[in-house]
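One chain, chain A, appears in both complexes that follow, with chain B as partner in the first and chain C in the second.
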Partner chain A sequence: MKIGIPRGLLYYYYYPLWRKFFETLGAQVLISKKTNKKIVDNGVKNTVDDACLPIKVYIGHVMDLKNQVDLIFVPKMMSIHKDEYICPKFCGLPEMVRSGIKDLPQMIDTTIDFHKSKKKLSKTVYEMGNYITKDRKKIDFAFEKALKEHESYKVQIKNGMLPIDLEDHKIFKNINLHRRKVKILLLGHPYNIYDAYLSMNIIEKLREHNMDVITQDSFDTKVMNEKAAIMDKKIFWSFGRKVIGAAFYAMEQKDIQGIIYLSSFGCGIDSVIADIIERRTRRNSDKPFILLTIDEHTGEAGINTRIEAFVDMIKWRGKNENNFSTYGKNLSTR
Partner chain B sequence: MRKCYLGVDIGSVSTNIIVMDADEQILDTLYIRTQGKPIETIKKGLSQIKNRLDKDIEIYGVGTTGSGRQLGGIMIGADVIKNEITAHGIAALNFVPDVKTIIEIGGQDSKIILLRDGVLYDFAMNTVCAAGTGSFIDRQAERLDIPIEEFGKWALKSKSTVRIAGRCAVFAESDMIHKQQLGHNQEDIINGLCEALVRNYLNNLGKGKEIKSPVIFQGGVAANIGIKRAFEKILGYEVMVPPHANVMGAIGAALLAKEETAKAGESKFKGFEVADSNYTVKSFECEYCPNMCEVVEFRRDEKMVARWGDKCGRWSHDKTAKDEKLA
Partner chain C sequence: MKITFPHMGKTYLPVKAMFDDLGVEFVVPPKNSKKTLEIGTKYSPELICLPMKINLGNYIESIEKGADTIIVTGSCGPCRYGYFVEVEKEILKDLGYDAEFVVLEAPNGNKKEFFNRVSKVANTKNMMKIANALKNGIKVLRKLDRVEESILKLRPYEKNKGEMDQLYNALIKSLEKSTGTYQMAKVIDQTQENIESVKLDKNREILKVGIIGEIYTIIEDFANIDIGKKLNELGVAVHKSHTASGWIFEHLFYNNIGSTREKKVYKAANPYMKTMVGGHGRETIGNAILYAEEGYDGVIQVMPFTCMPEIVAMSLLPQIQNDKNIPILTLIIDEMTGEAGYVTRLEAYIDLLRNRRGKHKNEKMLSWR
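What follows is the complex of A and B.
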């Protein structure tokens, strides 16, 4: 049996878990290709116009898989933490896929909803596993192994690797990861920042400028939750809570020299969260902040100019701190 | 021989070239429309500048900036290829060393650059909409049948305020027509448009930013004194317009080139002959992966100079022409 996992949305957080689970159950797992022009084009063509780009891209990934697999994994992600939601569009994902794409293989569209509690976890796991086997012991065993895989993935990320590095097993590249002098915090939904095509390769671009890129996933969850709790009202979006916590934490860290927020055009959550972060960053710290918006366009000039100017700004500031101009003109301080 | 530096700003609407001597005096400036043909425009600009310059001038360094900076840089042989934010910041600092805010409004983009203690502190560029840019005023001037050069003078004549919506160019247009139908004076409407642009700029780019004096206003729109006055009215303090406001990006590029060549020792400038060369651009869709990148190949007199547009570097890193593959 062949199961397809679309390389989009929460894939970047959970693919080790999902893959290990299905593989241990004896299925063959196929992951869709990395996002490319064809996937984007297909997605845009077959999704409602109002959806955000990441959703459209996800649909494109499903299209990429549909003729190659027996089952396709499109979970209905309602909530992954107590009292929190993800994003309204995730709740209707299987329906959107179904109405947008013809001739689909069977979908594993299990509802994942831990809004009230995690009690339903084992029920959810059995429901997913039942597509392959009815043997509960086997499913328990597979889930245990998958969890271990997930934990070790999380540890690697907390150690400073990014999903983008682990995806290709580019371990060798990470050896120099922390030798770069300037640390930049890149915030945004995982499917925006870790998808090299959508993000216009922002992580590698920053690294080329000799910046060490960290994201909201690089920090300790406990610390982030504490920071996010400063808000008067609980942030009830899981992404939002994480990103806000990371931003608040980063504002106080001396070694983080800039914050970049990458958002896809039309994102409802970001419209609130990015604005809060921008205001707080300016109010509580003197760290440079920039909001970059991505959409379907392929022209990279706009984003390149902003990244270049942002990097210039950080370098210029850095030099100025320990280099005072001797003749009053500022030209020498660059 | 006089040592001089060339600054070239290849923007979406205009291409500006300036010549600066070693004492940072601006000898000549040129402002021409790009009209979507950057290569032709650069060639035209260079040959015009060459004919206008004294014979004893030698170019010691070149800097390019603007959205066409990579293309221009490859063509001319630039020592520095710099983004327009930094270039504008450098130029403004050279004009007013303690400048704190730079308002830059060009044809299709607008920027706000904040500087503190002579260091780039924060910036923003307009996002999806052109409502707060020169094209907006250009379009409305056309509609009112007033030459854009006189737009500002008309605005100054205004005695009473007419409020026009500035958030969106389309809304502004219908609002303006409505005000015309009501019988408002032409000059009041023009002034209303200037204020609409300023309001839109401040709400959009200036949002959450502390605009401190001294303020410099540059870019093509700075020539419009109606907008300058509208800024002063809303901000409440003086807004300075530097003498070469419309070519500040190019000045910044030249200043950076001067600094760069002082370090490097020599310039990569390919000479004014660039203007006489024949440049061809060929583009093709790469077929190696589903990304189908649109690769651009740039040739000078049939010799391949550069390629760009690919995501993976297959073409851009390979500097040898492979005609058989392109066919």
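What follows is the complex of A and C.
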């Protein structure tokens, strides 16, 4: 049996878990191609105009898979933490996929909802496993193995690797992590920042400018939760909590020189979270902040220009750009 | 402490009556206008939805008039409405306004805190007094909703055009002058009677259209550019799927009541949408189906630009359109929406509905062979 996993949305957080789970159960797993022009175009054509880019791209990935597999894995991920949601569009994802694409193979559209508690976890896992085998012991075993894979993946991320480096088992070039002097915090939904095509390879671009890129996933969860709790009202989006926590933490870190927020046009969560972060960064710290918005029309040249300008600004800061020499003194302080 | 609150339809009238009953000082924000929207748009994040832009405009205009405390209801996602307050706090802080927010919700299920907040706003610890005022306020709101519902239903039939508008405008004027819920309820009852006795021409061919979509844009006529009246003038009877009183129930009591209508809506939506999607996405789907089954000629979805739950609902509407054989029009509204373009789309849509109805009639006539 062939199972297709679209390379979109929360794929970048959970693919080791999903892949290991289905493979241990004895299914063959096929992951859609890396995002390319065709996938984006297909997605844009088959989704309502007002959906955000990641959703459109996801639909494109499903289109890429639909004729090659027996089952497609499109979970209805409503909530992955207590009292938190992900995004309304995730709650209706299988429905949106179904209404956008005709002649789909069978879909694994299990509802994942831990809003009240995680009690339903094993039930959810069985529901997913049932598509392949009815043997509960086998499912338990597969899930345990998958969980181990997921934990080791999480450890690697916390050690400073980014999902983009770990994909395709790339033997990473940057063994000496943090060898670069300047550290930049890149914020954004995982499906925006880790998708090399959508983000226009922003991570590599920053690295080329000799900057070390860290993201909200590189921080300790505990620290981030503490920082996010500063807000008067608990943030009810799992992603929002993470990003706000990371941003507030970064504001106090001396070694982080700037914050970049990569948002997709029309994202409701970003409109709220990015604004709060921007205002707080400007008010409470001297760190430069930039908001980059992408959609299906974004030209790479424009993004490049803005990244370069941002990088230049950070570099100039190091050179005392604000230092006006008094009469008779040298202009440069070096 | 001078209290203010955001506008939503005509809710300001019952709220005003309630505060009068409680003897609280308050500022009614100036009516929604272009200026309100302009202020809101200027200071809000670019991609936030229209309701917050208008709300923010309301707050700033009220603060300029002397308000220092803002009361709003809360919610816990995933729709971003629940996080408006946090953004607004940041914005007002940056602008240098000193206003305090009181969110009427139970944070993390803490009921005591909820009562603390209520009694702080109401300026009394006497829960009976508060409950009474609230009960009467909701009563007034319900009556007002009923008046509006009747007008939207009956206005296209009226023999002498403008009669109902006159009654309604007179009602709003006298309500703005009256104090207390008791007085208001009396005035509204009188108007309800008057409206029902307006002379009607029942022979007219009137279409029936249901309005679905995001609740704020449905209720607030400034946001939907008075869609009800516009459709009435085109000879269409209108029913709105959301009312302000229903909303108050839902937000103040977290809707554990589960009214019969709601169960019906969820049941209807079930084949298309099994779970909630936040906001009123599921209700939008369910109501579209119910309207189709109740024999409406068409359904119009109104929503603010980038509204997340409604986008999910919107992507399912084409399916319903095919399955239930009912034309559905989606109108997306933001601060750039021009009235002329909006009206053109409505007119074209109503033309389509009329032709459709005519076609069905002719089909029957031609079926003699």
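To be clear about the criterion, the second predicted complex is superposed on the first by the 317 of 334 C-alpha atoms of A that agree within 3 Å, B and C clash if a C-alpha of one lies under 4 Å from a C-alpha of the other, contacts with A are read in each partner's own complex, and residues count from 1 in each chain.
Rule of thumb we're sticking to: a residue touches a chain if its C-beta (ideal position, glycine included) is under 8 Å from a C-beta of that chain, and two chains touch if they have at least 3 such contacts.
Here the structure is a predicted model, which means the values were calculated and not measured.
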| item | value |
| --- | --- |
| Which of chain B and chain C A:S271 touches, first, second, both or neither | second |
| Contacts of A:W316 with chain B and chain C, given as first, second, both or neither | first |
| Chain B versus chain C as contact partner of A:N201, first or second or both or neither | first |
| Partner chain(s) touched by A:M231 [first = chain B, second = chain C, both, neither] | second |
| Chain B versus chain C as contact partner of A:I39, first or second or both or neither | first |
| Which of chain B and chain C A:R279 touches, first, second, both or neither | both |
| Overlapping contact positions on chain A, where the chain C interface meets the chain B interface | 265, 279 |
| Chain B contact footprint on chain A (complex, rising order) | 33, 36-39, 197, 201, 265, 278-279, 282, 288-290, 293, 298, 301-302, 304-306, 308-309, 312-313, 316-317, 320, 325, 328-331, 333-334 |
| Residues of chain C defined as touching chain A within the complex | 45-49, 74, 76-80, 82-83, 85-87, 89-91, 93-94, 103, 107-108, 272-279, 281, 305-309, 311-316, 318-319, 332 |
| Residue numbers on chain A that touch chain C, as the complex places them | 47-48, 50-51, 76, 78, 83-89, 91-92, 95-96, 99-100, 111, 113, 231-237, 240, 265-272, 274-276, 279-280, 283 |
| Complex contact set, residues of chain B against chain A | 67, 82-86, 90, 93-94, 97, 117-125, 127-128, 208-209, 255, 259, 289-294, 311 |
